[in-house]
Amino acid sequence: METKTIITGVIGADAHAVGNKIIAFALEDAGFKVVNLGVMVSQEEYIDAALETNADAIVVSSLYGHGEIDCNGLRQKCEEAGLKNIPLLVGGNLVVGKQDFAEVEKRFMEMGFTKAYPPGTSLETTIADLKAFTEN
Amino acid sequence: METKTIITGVIGADAHAVGNKIIAFALEDAGFKVVNLGVMVSQEEYIDAALETNADAIVVSSLYGHGEIDCNGLRQKCEEAGLKNIPLLVGGNLVVGKQDFAEVEKRFMEMGFTKAYPPGTSLETTIADLKAFTEN
Amino acid sequence: MEIKNQKLSNDDFFAERKEVLQQWPTGKDVDFDEAVAYQKSIPAKKRFGVKLEQAVKDGTTLIQPRAGVALYKEHIELLKYLEDEGEADLLPTTIDSYTRLNRYKEAQVGIDKSFETGRSMLNGFPALNYGVHICREVTSALKSPVQVRHGTPDARLLTEISIAGGFTSYEGGGISYNIPYSKNFSIEHTIAHWQYTDRLIGLYEEAGVSINREPFGPLTGTLVPPCISNAVAVIEAVLAATQGVKDVTVGYGQCGNLIQDVAAIRSLESMTRKYLDQFSFTDVRISTVFHQWMGGFPQDESKSFGVISWGAAAAVLAKATKVIVKTPHEAVGIPTKEANAAGLKASKQLASMLQQQSFCDMPAVIAEAEIIMAEMTCILNKVEELGKGDWAKGTVLAFEAGVLDIPFAPSKYNAGKMMPARDNNGAIRILSCGNIPLSNELVLFHKQKLDERAAYENRAVSFQMVVDDVYAIGKGFLVGRPNGVK
Amino acid sequence: MEIKNQKLSNDDFFAERKEVLQQWPTGKDVDFDEAVAYQKSIPAKKRFGVKLEQAVKDGTTLIQPRAGVALYKEHIELLKYLEDEGEADLLPTTIDSYTRLNRYKEAQVGIDKSFETGRSMLNGFPALNYGVHICREVTSALKSPVQVRHGTPDARLLTEISIAGGFTSYEGGGISYNIPYSKNFSIEHTIAHWQYTDRLIGLYEEAGVSINREPFGPLTGTLVPPCISNAVAVIEAVLAATQGVKDVTVGYGQCGNLIQDVAAIRSLESMTRKYLDQFSFTDVRISTVFHQWMGGFPQDESKSFGVISWGAAAAVLAKATKVIVKTPHEAVGIPTKEANAAGLKASKQLASMLQQQSFCDMPAVIAEAEIIMAEMTCILNKVEELGKGDWAKGTVLAFEAGVLDIPFAPSKYNAGKMMPARDNNGAIRILSCGNIPLSNELVLFHKQKLDERAAYENRAVSFQMVVDDVYAIGKGFLVGRPNGVK
């Protein structure tokens, strides 16, 4: 199997670093090439990194509740930049407060994300799904 | 003010003694004459004691959940025994489980109780109400 | 009636048994040999004693709820929910109050009314009315070991049906299921009834089936000084072992002061071992159970979670083998299954989270345990002396004399002269000894502790203090202070 | 940029102030003299410092939530609910993340969008955009003292508006609101910004208005060894006092091992006193804050109650002056007001119930506190040495050198070389020191503790242990064991 490249990072003004560091560690451990942008990543930074490394997927984290505002428009920008149909995964604590996740998922799917994940998604799920989404 | 006589006791097969001992202590402290029948009191025992002491009110406790079964018919027996309109108060944890108290109250009022009290009724309320109910 | 602490002879036991099995129609379905065979078919991981022994070895604390409803299918659903969603390690079957008082007709009315109304009209599961086969349906439907929990002074037929019904543990004792639970039962009688229960379990043991037995530790659950409940637990353990019981779980109800709670479990375990060994019951297995706060609870559910969690924490820090869990509905009524599972999950979080921490060897705990053991020794020596070496006789005389005396007990066989109250740190002390035979030194110790509180609160030591303490936890405090005192 | 730990001159301060007040239109409403007069009109019982001082005197532990929503009327309702239904003693106003990063335009979008959708689209209260008058509407509507809580590296304008707006306490510090909260802010800059904040509060103090200041104790909330967070707290207390602050609350985030937690608070308080005295700030009042578990929470609400309650218990047993309370929604999102009140009530039950119990003087606690103090001394001596006596300079150089090093921090100015892990009893130890300058003896102590765990778990000490520990509490454990190890 050829090595897949994944961009990881926490979007917006979000400084939650723990999950990000652990995701990067675990994906590498699982055989991916990881380009970890850390916290407080702008939409442009994800796109630049993905273009530069010819990445296979972008993993966006948002923990602090402003995910809805921060993620809006990312898919369009990807398309414009030529990252056609790149898998765009998003997870963490995406919205403010405890909301029905089906609702939340719908909103993020409408924004063009390939898949959105609820709070507490395990590393196992993240890795398994990434393998599936980056398979040729 | 003339001294009022109150019959206290825990009805049925109920052995919860703590509240009963404290109610008896507090009512005496508040100036009532208390005839405390203790726990596991049958309907007949309340009535006999009330007749014997010419009591002004009967305070029935039921904690263990079988109150509905145990209290059924007490008012009729009082009437038959000649205790016309004697104030019949009941309190504790009257039914099995956490139920809407308005519902529970209704059932006990239909059984002929003068007033029914929810879990956690304070001594202050008990004393104040007894004073009101035994006023001439 | 003449009671002796001596193994019942087969003649006596089987003569009595004949009568017992006729007390209610379901008794006729009990067949000892068939029941032994059935019990032997129960896999080890569903046996109570096995799971407890493993926990003792691992140093973990298992969690167990209370639960029982009138209708058996709902009862099975309830227990399944508690082991799956609630993560209970051990399961209960709590028996209703009519059955506890041998009022089987009223229990039947309760079953029938429950069927009619679709609401459980009983405060527990009427195992005896249901009989052996339905009990087996219950116990076999579950993954975890199941215990009968009740409060029955005369539990002879219930024991027969329960053990034949596949339960592998049985709570109760001649003192602990009498004094807190009844009014007119003499101690002679209940000790005799529980000798029957224990002898029956001894017979199972001799037939190769080990059933766990658990004296009910908390008694009235209300300001019971540890030395009293511990002394009762040791007596019941010795009486049970005398009849051939080989697996006992001695218990204690949380008082709320952490040092005293840990010390109580520490002293309970070591004194039970000491006395069982002294009576040559060195092969009896001992485990401990810690009951989360057994007195009046706060009405508020979140506050109840606070009380529940603190109980779980204390149990684990004391390294109790299991903890009996309360629910956020405690102050109001028998909990829904969701409320029951909620109490379990809060407790499970702490049972596993604090597993690596132990307070058993803290100097303050050791010092407090020394005091409890000294008190227990005073009491148990006197029981022995009164009984001229016979603990069953001694117990009867001790209650008569107020040497054993349980606060707030409903029984007329209990003296009710001893008065407990909390000291300034919330530990339960003895305000007035009644006839509890403590040494002068110990009496002085308690007096000093309570004088300290009285001085701090600027009021005399009195029954009002006791009343205030009874309400305290329900109101959010441990020590019942007068208004204005922090 | 050249930083010095020295009181800002009036010239420098007021020159800077002119710029600061122009950062956003609401800055122009701030008038220092008018604000002093307004602050003086706030009754004593609504002043943060007064209530803390009383609690220190009474030996009680106050409870405080986190809370903030986008719309100010809803924010007032929320805080009223938390003091009435939740029984909060102290109130917060948690600021949203855009404001924290000085992105006031985005905060305005958040306010506007929240008005439109009727849902709070911000994760906190945008006090700065609202300005002085709306802040006064908030603070004056409540019975309890209110504090601003945030995470803002450059909080100068926010401080101006908050204090003029009637808040009587202000959280943060140049280290604690930088390293855990930002990526690219240099320490020089944030120390300078917080000198401004502290100097402003010093000016209020000199004008007769005392504002409480609280360094943010828990830092990243994730496996921070007590010596690190305590050292940071002491440094921030000294820097604040240098600017004229007279009332500090030093803080600590629960690690979960009770002995270590109590020892951390004990050593935090005594070391803060020691160093403040050493710098001749003997008139600075000190109180302590204990944060309930700051790392990842369990998803389950009942389990969260267990974690919350254990945090409250530890705070009280450590005799912290206040405890910051989590909610049963923690793992999922900003709590509803009901969930927030639920966490408060569980905590209140324990705060009052355990008030009479203290673990501060247990021998095991004293021993653990000795270790923490020795570690703090190593670190603080090195900071002093690097700064040639100047703690501000020393701090900058210490972060550069990794002498101060905070695990899991997002900041690029943090070395990230130190690695923590739990020992076999769940206490946080140092797996790899990086450049934290511990004595050989202390390094050996940590190594032994972790070797013990490694041997027990039959695996090598490694980053996997750290990862397992990060998830542990969320999964119900304190120590992250590999599969199969109990």
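Per-chain numbering from 1; labels A, B, C and D assigned in written order.
Throughout what follows, contacts are C-beta pairs under 8 Å (C-beta built on N, C-alpha and C of every residue); 3 or more make two chains touch, one makes a residue touch a chain.
Everything quoted here is computed from the prediction, not taken from an experiment.
> Treat each pair of touching chains as one step and give the shortest count from chain B to chain D.
Steps on the shortest route: 2.
> What are the mutual neighbours of chain B and chain C in this structure?
none
> Measuring centre to centre with CA averages, how many angstrom lie between chain C and chain D?
Taking the mean C-alpha position of each chain, the two centres sit 44 Å apart.
> Based only on mean CA positions, could you tell me how far chain A sits from chain D in angstrom?
For chain A versus chain D, the centre distance works out to 30 Å.
> Could you work out how far the Cα centre of chain A sits from that of chain B, in whole Å?
Here chain A and chain B have centroids separated by 65 Å.
> So what's the Cα centroid distance for chain A and chain C, whole Å?
That gives a centre separation of 54 Å.
> When you check chain C against every other chain, which residues touch at least two of them?
As it turns out, chain C has no residue touching two or more other chains.
> Quick one: label the inter-chain contact graph as line, ring, star, complete or other.
Per interface graph, the chains form a line.
> Which chains touch, pair by pair?
Between chains, contact exists in these pairs: A-D, B-C, C-D.
> For chain D, which residues are in contact with chain C within the complex?
By the definition above, chain D touches chain C via 58, 60, 256-259, 298, 300-310, 312-313, 317, 341-350, 352-357, 362-364, 424-426, 473, 476-479, 486.
> Residue numbers of chain D touching chain A in their complex, please.
97-98, 100-101, 103, 106, 109-110, 113, 119-123, 151, 180-184, 220, 222, 295-296, 299, 329, 331-336, 339, 408-410, 463, 467, 470, 474
> Where on chain A is chain D touching in the complex?
Those residues of chain A that touch chain D are 12-18, 21-22, 25-26, 38-40, 64-66, 68-69, 93, 95-99, 119-120.
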